[in-house]
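Read the structure below first, then the notes.
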Amino acid sequence: MAIANPCLPWLALLTVACLIWGLYLSLFASPADYQQSETVRIMYVHVPSAWMALFIYSVMAIASLVAVIWRHPLAEIAAQASAPIGAAFTFCALVTGSLWGKPMWGTWWVWDARLTSVLILFFIYLAHMALTSAFDDPARGRRAAAILCLVGFVNVPIIKFSVEWWNTLHQPASVLKLGGPSIHADMLWPLLIMALAFKLIYLCLLIVRMRNELMAARVRNLTAARARG
Amino acid sequence: MTIFWAIIRHELKLTARQPGDLLLIVSFFLLTTSLFPLAVGAEPNLLARIAPGIIWVTALLSVLLSLPRLWEPDYNDGSIEILMLSALPLELIVLAKVLVHWLLTALPLALLTPLVAVMFQLDIQALPLMVGSLLLGVAALSLLGSIGAALALGARSGTVLVALISLPLFIPILIFGVSIADMALMSLPSEGAFLILAALTLFALPVGILGTAWALRLAVSN
Amino acid sequence: MLKVSDLACMRGEGCLFSGLSFELKEGQVMHLVGSNGIGKSSLLRLLAGFSNPLSGDIEWQGENIHQDLTRYRQDLVFLPDQAPLKKQLCPDDHLNFWQRLLGFKDGVSGDVGLGKVSDLPTKMLSSGQRRRSSFLLLTGTRKLWLLDEPFVGLDSQGVEMLLEKIEQHRQDGGIIILTSHIALDMPNCTVLSLTEFTLTQFVVS
């Protein structure tokens, strides 16, 4: 944390720059899709959000593993601080997906395999957050959540597999495949810049949230010391 | 091994002295399944088609309802610490307790399923598969749910929390459990789905036991 | 022999006490004192290996207890501050189960002065009788006893009986650590006050 704190302003600056550049590229500079016209621009928010949903959960799983094995308190706090950010990105992916689905598929929601598994991922994030905050002793909540995160992590591929299996059983290929076989470089670049910007947003928020949590822990500790007299 | 059986006998004795708990789950299962015809209409074809799904979802909810009783009493009265003083590794203690939990939820549910199936005009040829998949699937539900029950020990609003934690983990079991009977109804071969359900249960065995043991060690650590 | 060196204990995110060292040999009793919330129960749970120390070592017969916790626990009886009983079972059931679970030898008398009520379900017993039922855990030959507030709820005969049990175990070469708010008058008993080891320090980060 000692290294992270002085970096934060620069990091924030970089994030804003990256975000503005990415938004300019994706909203103005990139071409509209010949099929989907302007609605394709939703992709530049939707796809990086979905990537972040998985990326942050993986980061949390690694942090939880470190927390469980080496009992490192910072790793626990990192996982705790990541969960709401991850949930927000997952929610963002779901909402933008829904907004994109309306013009493309003619409906706000389809029980398509990908949407359903992202929805379940969102539920796992919610369960993680609920468990973290369900204990009077925050350290206990963080440790319980670390175990849940790891159990969830080994289950995510299975859930994904089963949802896909279920989907092929119930809705054989009713959903339009998106994007086509390849994506043009004019669209790929804005996408990558946006993905980078989202990663930076995550990093900034993570540092701020971890700092907050450490300070809150310090306050709790002082209060507890007063209770002991 | 004697300790393992001693725990199983002890658990069975606990339930035998308080059989009301068992009745609770059974009644819940029957009552909830009978809500569906009242809600979606009593059209026989519709009921027969959705029967596997209804039985599975209700069985899943019954398991969920019974989960808080798996670890919470032992945690609250300090028995868990006494169990941990035995020479048996905690993982095997977990296995013994989950085994009894499975026995006392899966068996009543499996016994009641033919009754519910008749009420829903379910095709009789799908019935053995339905019962078999329940017996197998509830084992996985007990194992995975045990993690959630152990993680929620000492938490505020534990019951809701157990549901929130366990339900996402239950989804694969539900999907394959239902599709076994569904495929039998459509006269499709259901061995594949059955094998996958068996694989999921086998996978849930180490995950459930290790996860629960971890969670219990955490629960007693303060 | 139980050896504790430079032990620090954490509860939640804070440090309860630190720098605690002591050594107990066979035939010794330790009485933990200190005001509420100072960490007596937490120390007992640390000694039973339920929680991990923030720093420091606990050694039993020359080996760190976390090396092989299952083996260490077989030398140990931990009596929680509330009697670990099931409402629907009677004291005899409990004795029966604990004998198998903890590998107590058969034929050890489980007389804790319950007399005629030993076949009544726990839900019909008074709190003193429940406390006595929990002493059935002390019937085996495990060496180290960790007793959390064992005197609470007992009548004077009960206190007398427990003191006798402790003295007997001590003479048999056992080690007993207990917390209690009443003063104990027994030979070879060390009183340890945790007040001197408390420390308010921020641990997380």
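When the chains are written out, they are named A, B and C in that same order, and each has its own residue count from 1.
In this section, a residue touches a chain if its C-beta (ideal position, glycine included) is under 8 Å from a C-beta of that chain, and two chains touch if they have at least 3 such contacts.
The structure displayed is predicted, hence computed values, not measured ones.
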From chain A, which chain is the farthest off, judged by mean CA positions? C
Chain pair, A-C or A-B, that carries the greater number of C-beta contacts: A-B
From the mean C-alpha coordinate of chain B to that of chain C, what's the distance rounded to whole Å? 36
Between chain C and chain A, distance of the C-alpha-averaged centres to the nearest whole Å: 47
Approximate Å spacing (C-alpha centroids) for the pair chain A, chain B: 31
Chain C, residues touching no fewer than two other chains: 11-12, 52
Residues of chain B touching 2+ other chains? 222
For chain A, write out the residues touching at least two other chains, lowest number first. 137, 140
In their complex, what parts of chain C are in touch with chain B? 11-12, 42, 45, 48, 50-52, 70, 73-74, 76-78, 80-86, 88-89, 93, 97-98, 100-103, 121, 137
In the complex, chain A residues that touch chain B: 68, 120, 123-124, 126-127, 130-131, 134-137, 140-141, 143-144, 147-148, 150-152, 154-155, 158-159, 161-163, 165-166, 169
Give every residue of chain B touching chain A within the complex, in rising order. 147, 151-152, 154-158, 161, 164-165, 167-169, 171-172, 175-176, 179, 182, 196, 200, 203, 207, 211, 214-215, 218, 222
Can you list the chain B residues touching chain C in their complex? 2-3, 6-7, 10, 13-14, 17-18, 73, 77-79, 81-87, 89, 220-222
What residues of chain C sit close enough to touch chain A in their complex? 11-14, 35, 37-38, 52, 198, 200, 202-205
